[in-house]
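Shared between the two complexes below is chain A, which has chain B as its partner in the first and chain C in the second.
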Partner chain A sequence: MRAYVEIAVKKFQDKMAYRLDFFMGIVNTAITIVVYLCIYRALYGNSVEVDGITYQMVATNFVITLGLSNAFGYNEMFLQDKVRDGSITNELLKPVSFIFRLLAENVGEGAFKLIFHFLPALLFTMVHTRLCPPQSALHLLIMFGSVVLGYLILWLLSFIIQTWSFWLFSVWGIITIKNVLVNILAGTLLPLWFMPAALRRLISYTPFEAIYFTPVRIYLGELSGAQLLLGVAVQVIWIAVLGVTANVFWKKGVKKLVVQGG
Partner chain B sequence: MGELRIAAQSLKMSVRSRMQYRVDALVATIAVFVRESANIIVIYLALLKFDVINGWNVNELLFLFSILFLTYAIVVSLFADLRDFSRMIREGRFDRLLVRPRGLLFQLILNNADVIASLGHGLLGILLFVLSAGRVGIQWNLVTILYYTGAIIGGVLIQGGIFIFFSALSFYFVETGSIRSIFYWNMRKFAGYPISIYNRLIQTILIYVVPFAFVNYFPAQYLLRKPDMANYNEAYIYIAPFVGVGVYLAAYLFWRVSVRRYYSTGN
Partner chain C sequence: METIIAVEGIRKYYKVAKRDRGMRAAIGQLFNRKYEVKKAVDDISFMIGRGEIVGFIGPNGAGKSTTIKMLSGILYPDAGSVEIDGFVPYKQRKQYVKNIGVVFGQKSQLNWDLPLIESFELMKFIYKIPQEQYEENLKLFSELLDMEPFLRQPVRQLSLGQRMRGDIVAALLHSPELVFLDEPTIGLDVVAKEKIREFIRYMNKTRKTTIIFTTHDMQDIEKVCDRLIIIDKGKKIYDGSIDEIKNKYTNFKTIEILLENGGKETETFDIRVTPMNSVLQKLFAEKHIKDISICEPEIDGIIRDIYEGRLLLDSPAMEGTGV
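Then we have the complex of A and B:
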């Protein structure tokens, strides 16, 4: 465990070295937030609420979701590059589990972005837009836990597709399509409240709803009591299902691995 | 005539090199298409619930988007090397062009075409145009068709000019990626929607600094005449097709002046 914490801390420090990246990350996040808040403002026009959802709730959902989705982005071509140039063998020789080592590195990067991209963007938004406060301190606390679970779901989805590099020439296309699905079905761009009913029901059977929307609903107090427990339980179930799947693909892939030359 | 032959030959080479891995090229094209569709799908779903955004209905928005995609498809088939110019300089590949008996910009424009991006954006642009053009109340006659064609060419020249401008900046600064990311890619994000939904600052940038408003908003206004046009000078919709020529010429002059400063990074 100590080793993985070290890896995460190292990655965090690595990221600190690139000041320009850091500055650009904030600007890009802030601009995307402005664009979409303008769009939602214009969509709302003069109405105070639509389907019981106020503009303020939409703005809150959007800022949290977008901030998290930016913070949770990382190099998804990592495994493919390692498989292509053969350096994956070095990784396999190391005395740490590759899966947890990669997770630790990505968590370190995510933590960096959360603090240095998301927080400034959040403050920037709060200057010009009023956001909803959390339902209660307890809800806020549970939301933090739920965010971690959401991150694991997203990470496992990505890792499963990355392991396909053992079989495919390039996974770039599939990863791109996966990201589009996440952007739409996890409600990154349009809150799931406004999805057509049939689509919304479909989404509730997929892991997508459990990534961002569950934490947001906990924060807003839409999920309380038994419903809250159910929401978190669904997150845990998805992590178990995806975790087992990821492990199967990884094991099969490593067995199939042939590296030419040396 | 020789120039045209070189152009055709180099396009053929771009296509062939990308088609070496057929399945991968197909998946990549679909991926670009799907990635770019995401915004469209989202705004479509949003308008199922909200009906209009600042007076624009879903078909009118799709029409606005289609211009952005169609022009970009042409831009990446011509200006791909200028889009990735700072990398070209870093890797020393620019030096090769200096010893060839053709103009530099001519070579840069013809050398590479980003076939995948061009197909992805182009197919989406055509699809959106087909879906929307008949349903937004445009009288397609000689004048509107001429205007539309001019606007597309103008839109290509504006974006090409912007790429040339940022490429020329590489002769002054080592790293231009971030300034380009702010001013090109982010402004492009804004441009998909009617610019009247933004605050004054963003509108001013889109009209006067990185003139994306003349790529799709003002041309679409000529054809659609939405009420939010009242916020802007009527003349903008008539000069829209010509703004591209001005932007391109200005960028070209800046390039001519800047390229003299070039010293190779290599050896």
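Then we have the complex of A and C:
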């Protein structure tokens, strides 16, 4: 366990090494959020609400989803590159689980971006746009937990595709398709409230809704009591399903591994 | 001597996609792909005793790295068995790798952006090295390898020689009993090479670490190893001491002559077939010689001749010279 914590901490420090990247990250997150808010401000015009959803809720949704999706980005070509240049061997020579080691590293990076990119961008947004307050302190707290679960779902989706590098040698295309799907189906492009009912229903059967939208709804108080528990339970189930799948692909991939350049 | 590594008839075949040149072939291979089988390792067996230091050599593509990868547990052999210190490496990988250290000279395992010392710290946690042992090893290793001046520099700013020393230390901090060094001196200058050789010898002498060492530099082998395994085209062609291989070829001499017109010529021959006397007489009769020197065969030359098929290791004396 200690090893994984250290890996996360090292990655955190590692990110500090690049000063320009540090400042650009804040600007990047802030600009993304502001652009979306401007578009939706214009779309709302003088209306107070659309389909029962206020501009304030939309703004809150975007601050959370865009802010998190920026913070949760990392190098998804990691495993592919390691397989291609053969340095995956160095990973397999360590007495640690690769899945947890990679997760730890990505979490380290995510934590860095949450604190140093997302928080400043959030403060900047709050200066010019009024956001919805959390339903209650408890909802806020549960939302934090739900964000962690959402991250794990997102991470596992990416990891599963990354493990396909063992067979395909290039997964860039599939990763890109996955990211488009996440953008559309997880609500980073269009809040899921505005999706046609049929599509919305379809999305609720996929892991995508559980990534960002469940935490957003918990924060806003749309999910409370039994519904809230159900929302979190769905997240946990997806993590279990994806976790088992990821493990199977990883194990099979390692077995099949042909180290290039050997 | 107690056996630490027992390798029995291991094979590793790769299926390589074969493709002709040109557009037609490029499109054709999308539908009907032809493969050929490349025998990277083809029935290799050997035993290595605890505390031995073995040079593992062969021309490029001979199967050295593939063998090392099977021994270190990251490649499954297609046939045969490997047992190392009670483990079957590729089946009990995670348990097994705790007790070994591996350096792939061409693939650094250090964290590119962090100071060297941070990568070492990480090893401490990954291998659960007790603090005392960690500090003791780090102090000793950085003295032996002269690493104090660059311990706090980011790895990306290190020279190749510094980085390689860093990689070797990272692989040895947990005091493994068995160490695989795959081309640890590749691309290094003489001084850096010498430092690394001294260090390897020291580890072997004082800690009885078993070391398997691949290289293309015969100086490495001569200065560091007691025993030599040569493989070529996936097969073991020699296993024995370096002195033995040299003795066998003391019958081979090389004459270098400097002609009066400034030209240089060399000639290698077997004195059992053509005695020195007859060779010299012929030379003196045919050429105007300004200077002449007779050289003992050097291990470099011998190995080159073996690789190029000019020397054959087929005499009975060369068989079964292993442990």
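By our rule, the second predicted complex is superposed on the first by the 259 of 262 C-alpha atoms of A that agree within 3 Å, B and C clash if a C-alpha of one lies under 4 Å from a C-alpha of the other, contacts with A are read in each partner's own complex, and residues count from 1 in each chain.
Everything below uses one rule, namely that a residue touches a chain if its C-beta (ideal position, glycine included) is under 8 Å from a C-beta of that chain, and two chains touch if they have at least 3 such contacts.
Everything quoted here is computed from the prediction, not taken from an experiment.
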item: Combined model on chain A: chain C and chain B, fit or clash; value: fit
item: Touching partner for A:Leu140 - first (chain B), second (chain C), both, neither; value: neither
item: Which superposed partner A:Ile174 touches (first chain B, second chain C, both, neither); value: first
item: Which of chain B and chain C A:Asp14 touches, first, second, both or neither; value: second
item: Contacts of A:Glu6 with chain B and chain C, given as first, second, both or neither; value: second
item: Partner chain in contact with A:Val248 - chain B first, chain C second, else both or neither; value: neither
item: Partner contacting more residues of chain A (chain B vs chain C); value: B
item: Contacts of A:Ile39 with chain B and chain C, given as first, second, both or neither; value: first
item: Which of chain B and chain C A:Ile115 touches, first, second, both or neither; value: neither
item: Vertex chain A; arms to chain B and chain C (CA centroids, nearest 10 degrees); value: 90
item: Minimum Cα separation, chain C to chain B, after superposition on A (Å); value: 7
item: Chain A-touching residues of chain B, taken from the complex the two chains share; value: 21, 23-24, 27-28, 30-32, 34-35, 37-39, 41-43, 45-46, 48-50, 52-54, 175, 178, 181-182, 186, 189-190, 193, 197-199, 202
item: Chain A partner contacts - residues on chain C that touch it in the complex; value: 14, 40, 65-66, 69, 72-76, 93-95, 97-98, 100, 102, 104, 107, 109, 111, 113-114, 118, 121-122, 125-128, 154
item: Residues of chain A that touch chain C when the two form their complex; value: 2-3, 5-7, 10, 13-14, 17-18, 85-87, 89-90, 92-97, 255, 257-259, 262
item: Residue ranges of chain A touching chain B (in the complex, touch as defined); value: 20, 23-24, 27-28, 31-32, 34-35, 38-39, 41-45, 50-51, 169-170, 172-174, 176-177, 179-180, 183-184, 189-190, 194-196, 199
